[in-house]
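After this come two complexes, each holding subunit A, first together with subunit B and then together with subunit C.
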Partner chain A sequence: MAPPGPASGEGPSRYRTGALFLLPALVLLCVWLVYPTIYTIVRSFFGPSGYLGGWVGIDNYRTLFTTSTLVTAMKNSAIWVAVVPAFVAAIGLIFAVLIERIRWSVAFKTVVFLPMAISAFATGVTWRIMYLQDPSQGAINALGRTVKDAVTPPGVLPSAVPSTGLLQPHGGALILKTPLHPGGVALLGLTGIAPADMPSGSRQAAQPIPKPGNIEGVVWRDFKPGGGKAGVVEQGEIGIRGVTVELRDSSGTVVQSAKTEANGAFDFTNVSAGTYNAGIGGATFAKPFGGYSWLGPSLITPALLIAYIWIWAGFSMVVIAAGLAAMPRDVLEAARTDGASEWQVFRRVTVPLLAPVLSVVFITMVINVLKVFDIVIALAPDSTVANASTIALAMWRTAFSAPFDFGTGSAIAVFLFLLVIPVLALNIRRFKREI
Partner chain B sequence: MVADVETVVVPRPHESLAARILRSLAKAPVQILLAVIGLLWLVPTIGLFITSIVPQSAISTAGWWRVFTHPSLATFSNYSALIHDAGLTSAMKTTAYIAVGNTALVVVAGALAGYAFAWLDFPGRDWLFIGVVGLLVVPLQMALIPMFRLYSTLGIGGTVLSVILFHAAFGLPFAIFLLRNFFVGIPKDILESARIDGASEMRIFLRLILPLGLPAIASLAIFQFLWTWNDLIVSLTFGTTPITVWIYGHFREFSQSIDVIAPASFLSLLIPLAVFFAFQRYFVQGLLAGSVK
Partner chain C sequence: MRTDRKLVVRVVAGVALAAALAAVVAVSASASQAGAKKTMVNTSVSGSISFWGIWAAQEQTAFEKVIKGFTNKFPNVKVTYTSKGNDMPTVLATAIAGGNPPDVADVAQPGLVKQFVQQHHLKPITYAKKTISKNFAPAWVKLGVVNKKLYALLYKASNKSTLWYNVHSFKQAGVKAPKKWSQLTKDAKTIKASGTPAYSLCGSSGWTLTDLFENIYLRTFGPAKYNKLSAHKIKWTDPSVTKALKEMKQVVGNSSNLYGGTNGALQTGYPQCVDYVYATPPKAAMVIEADFVANEILQATKAKPVKDFNVVPFPAITAGADASAIETSGDEIITFRNTPAIQAFVKYLATAKAAEIWAKLGGFGTGNVHVPASVYPDAITRRTEAPLTKAKAAVFDMSDEQPAAFGSTTGQGEWGIFQKFLQNPSNIKSIQQQLEASAKAAYKK
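On to the complex of A and B.
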């Protein structure tokens, strides 16, 4: 005999108990999900304002593909989908495999997973500070400056300019137009140097004395308080030390180079007969690294992708590590015993066995990325937010900032909905299989 | 799972000391690589924290790392100014109300429905369940415009309750899915014997299902709490001011307001971090299951 009770009772009571338990959830779902979904789909065929607005057919969907800001948003979302899931899955896989070899894997996992707990909004703020353009403020550009200065040090006189028209720019260098012969003298005057930027230890400039077979010269700050006469070495004008000077032959090839002394003097010795030009090497004027404009229009999307991958790598690592832990160890050991290298084991055994887990990470990330919103609004300054826009953000900006176009906003939402359905359907099918 | 999956150490009994030293040397590059990556991963968060304890005047001329050479720059004046800011305290309260209210609502409504779908027998049950799970595909962007209109018509826009209800509805499909599948796994005998003893369904739900379903409920609760605590888009749309929206309000002058933005951002992530460290295991479980969302 079936036991008596509401669950297996007859007639209306079965409905009544079920309905009572379901009531709160169903009310919420109907009012906040079912009704809005239907409304938004219908609304997407109507004009910008009012409860419905005028019927416009598929015009809103046309707008979607013809308005440049919306096309930018779709292109950006395509970049997000193409880049983020692959990188997140790959980085997570690498981390998950590597942490099996260390004893402090729990600490590492915790550190990399930490950003998951932080809001995407706070992450945006965090990275905006990292990305500041001035290398003395933004950590990433500071790192860039350290690397760049180690490879190509900034010049001693980045801001200097020639004092007379005789000294002319040539590539990055400055070349004295006056032709020189052995026994000649080169006067390389510069201005535009702040006193504080003068190389230390420089002193009164020396008027070069011609020497047979040599070309003598001076590099000096062709300026003294009150002005002075351009192109003439005068009392009170200071030589510049440590400047690289070059001697070029008539074909323009550098045949000698030298460094100036404390009084700015330099000499090219044993110069064979011919016509030469003297000049100052381009390295002298190399500008210091000014920092990349990470938050500017062209780099904002890469900047966002990096920050987003930073958040989600931990998720990917933890999911994949759980997959690795569940993996049959004897299969791996057998492959190793058979003489497979670590790389072969990874490529031929580990990755194929992890394929289901990797696809979970991948699909999850595709969905997340399509809906990305908070981090863009937090990281991109107002001036570049249009360049950084994504579908979800474009929807919000279209509907909830000027021009408050609910019709097009609804169309973008429906478009997003259509993109998410197939991906999520795949995911639910997988879930059903698992349970 | 972050904490409880231990690497299996395979014992190698016949290994000489030299072989063991060689083996750990071979691991050194991996150790160093991971140590460097781990440190790099912390840099942005550390940067935010240090930025938050340095006066605005210092941060506008030099990077936050200058604190390492000039420790005297560090000050808590940003924080003490912030704590006395009525706007911030009210934003924090709003955040807490939304997060707690939503979590409670989702857990209660989700558990009731999950139980009904798992253990109550009524016609059309499985079809209804499939319909509810199908709602997982609806992105919340689909509901922003209609609910914004509806809230304005009803005059409840900008209230904490309106935001809680919105969040709860979007949390429910997954909550029901998760809890129903967990409740189904509870042994049938326990329920049947309770029914034979004449216990009402509500009593069974409260006394049996909730305690037995606690692991799944905990995961769900933590996940919901963090999701709503960290939300920006819903509150921004409906006009409430939790901490994220409050910080966003200072964005127009980002670098001038950095002494407000940085400490407030750091305050906003303290609670999620505390929840994360306290309930790591449940958090990760919820997240693993939450992959469908």
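On to the complex of A and C.
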């Protein structure tokens, strides 16, 4: 405490000066914190439309635990509390310990810390784009496509479907049901191919002319404006070039294969007598990687957790690194001299000494996570925002968007307040101890 | 919100045209008008009006011109327009709770109007009934009636019974714009065979799904039954709902005929779904949404009206149901106080003149029968807005009229359940039960 100045006397006048200085803060505190808190608590016992809505007792609190969307929100908040603080503290600890040992540690620290400089809303928007399912839009699924398509490349006609029922799917491949004999003709009509996706150089399809001893055929886009006649090669319908057609004998073994020409024609020569089927192999129709539905109902919460941990890992790292820097090195040296392995030093010395710092990170994160709101609203699409909802978001959605139920909204706020109090109390006790 | 160079050009052109026209009229009729003008100016009414609107940017500019038209006539009345944006329901609810609402406001949610009336916050506008009836068909007047009293005027209306298509995709598939539902579902298959998915759905925006359902219901059973379902006088488990959902399944039920499949459709919101239809190459052939799709196309894509994009009325389904009936939504004028100045202003907004000032600038539709189709600035706007005046029946967007907890809450109630329907269109019965349970709970509150 600073000694009293010469002007201020002893006793009551000193307190008066103190009170005078405290007054503005106290007034603001009352206006912005105490009054709204009390008002919210009172409001939570009234119906949706103000005091006109009437006293409803604990009905709003009952609604809280019986409405499925609100229960989902509470469950999600529990998941957040269980996952985020632990992961953030653990990842921060790992980073902090590791960067002590690398060069360019400042650069690394900056990169990890950078997400903290971005608003949670912007982070949400960015991650939402990265999570998009279409691999040509979402970066994460694009990575998946690169890997998957390198292993199993997609076919040339992934979207094609047979134009008639005669051509039937058979384990990815399409097989013409009509049995073929030497001298026969195979018509393999496909639709569902956009003109832009047609192999280049394709031209008007030709009706195959039967040849003795051969099986002649055509693969073509069985579509012209208006639809055309299914299964009939017509003027204006284009052959598909470069498709591999297989000839199978009655046991299903591939005996010959051929590639189609520019007009879609193919032929199998010198076919011995027997019954055959023609078909197009599955490789032609192999679908490209379609992407995971990160923003779908089942993955949305994990997707949010990843984005949120990405933001806060940097904060945790910096705080823990500061703790590490302040740690007495001689203890670590002593442990090493006594023959402790690096893991033992980390486990038995570093972590216990860092415990106070770790608990600061942990508690801060618990409070942050209970209040989490903006990233959810920015990241989750409207169709899954109910699956991703958290307590704070549910409160806002109930009170400040339709249906404007301030009563239930206040009840949610009070419930959230009750959840935060124990953590706050813990934190305040820690502060006192440190002072 | 709607910043678009073309629109600006159009606005500027419209203003220039209006000015030129005004000049011509002024010159040709200056002699007779000089006398008339004096009697038109009304100085006996005075006062000030605070108006909270959702219109911002160009829309605000347009409405301020409408206000100018009023203050020219009533020079002693001062109208102050404040734009509150799309948060209007929140802003109004808070202002009412604080005891300080504006004199006049415009809101886009008829359900909210109903709620305010029930809570005794609104003043009836019975004084304007004569003017409104003179300018609007009875079906339109009725839209502003709550508890048998006239409380609101649907000043700016949009036509939600429209279907937008990519002209090239239709040409490539060799199909014409459909007039009948059966034609549409047949064409959709042809379009798919041509290699383009027929529909782009905005499944992430639940309201687009309810709009589709509502249009189908309206075209199948007509406006009277529609209004009954809207007021929950028909249960959602009714066979008529089953029938409408079955029709809807023809659109949403085939994953391969939706751009991005069912999952992709669920993650696509409005207006992204519109952009997909007009991308090069197009990712889908049509999008079923309201007249305001035009804004998005002009703003976000390179598509040109008529040449690249076009619009048709939502196809007729049952012969008996009125195929000219329109599902509408829009901005309703409501009043929280009642003074001579406010009365004059509300009456003025019901006149053809107040509508024409904005209609000329584009992005505006009205059910006012005295507004000729020629007022609208371009062919597409004429196509979407002129039917409003010709419609024998107009119904509000059902989900806007219902209690918000059921009809307009993201991810919940009707929006959420229709998203479930899109996800799994096979179990219609369970969807109906969920809808009924949710509606029941919301109507009880």
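Here is the rule we go by: the second predicted complex is superposed on the first by the 271 of 435 C-alpha atoms of A that agree within 3 Å, B and C clash if a C-alpha of one lies under 4 Å from a C-alpha of the other, contacts with A are read in each partner's own complex, and residues count from 1 in each chain.
The rule we apply is simple: a residue touches a chain if its C-beta (ideal position, glycine included) is under 8 Å from a C-beta of that chain, and two chains touch if they have at least 3 such contacts.
Since the model is a prediction, treat every value here as computed from it, not as a measurement.
Of the two partner chains, neither subunit B nor subunit C is touched by A:84.
In the superposed model, A:191 makes contact with subunit C only, not with subunit B. Within the superposed three-chain model, A:243 lies out of touch with both subunit B and subunit C [touch as defined at top]. In the overlay built on the shared chain, the residue A:56 is in contact with neither subunit B nor subunit C. In the superposed model, A:226 makes contact with subunit C only, not with subunit B.
Of the two partner chains placed by superposition, A:280 touches none, neither subunit B nor subunit C.
Between subunit B and subunit C, it is B that contacts the larger number of residues in subunit A.
Once chain A of one complex is fitted onto chain A of the other, the partner contacts of A:384 are limited to subunit C, with no touch recorded for subunit B.
Using the contact criterion defined above for the overlaid structures, shared-chain residue A:119 touches subunit B, although it does not reach subunit C. When the two complexes are overlaid on their common chain A, residue A:35 makes contact with subunit B while staying clear of subunit C. Residues common to the contacts of subunit A with subunit B and with subunit C across the two structures: 132, 381-382, 400, 406.
Subunit A makes touch with subunit B in their complex at residues 3, 5-8, 14-15, 17-19, 21-22, 24-26, 28-29, 31-37, 39-40, 43, 51, 95, 98-103, 105-123, 125-130, 132, 136-139, 142, 310, 315, 318-319, 321-322, 325, 329, 360, 363-364, 367, 370-371, 373-374, 377-378, 381-382, 392, 395-396, 399-400, 406, 409-410, 412-414, 416-417, 420-421, 424-425, 427-428, 431, 435.
Only residues 48-50, 52, 69, 132-134, 159, 161, 163, 191-197, 223-227, 290, 293, 295-296, 381-387, 389, 397, 400-406 of subunit A touch subunit C when the two sit together in their complex. Of all residues in subunit B, those touching subunit A in their complex are 1-3, 5-8, 27, 30-31, 33-34, 37-38, 41-45, 47-48, 51, 59-65, 108-110, 112-113, 115-116, 119-123, 125, 128, 132-133, 135-149, 165-166, 168-170, 172-173, 176-177, 181, 192, 195-196, 198, 200-201, 205, 226, 229-233, 236-237, 244, 247-248, 251-252, 254-255, 258, 261-262, 265-266, 268-269, 272-273, 275-276, 280, 283-284, 287-288, 291-293. Residues 89-90, 93, 97, 109, 111-112, 115, 119, 171-175, 190, 192-196, 203-206, 256, 260-261, 263-264, 266-267, 269, 281, 403-405, 408-412, 415-416, 419, 442, 445 of subunit C touch subunit A in their complex.
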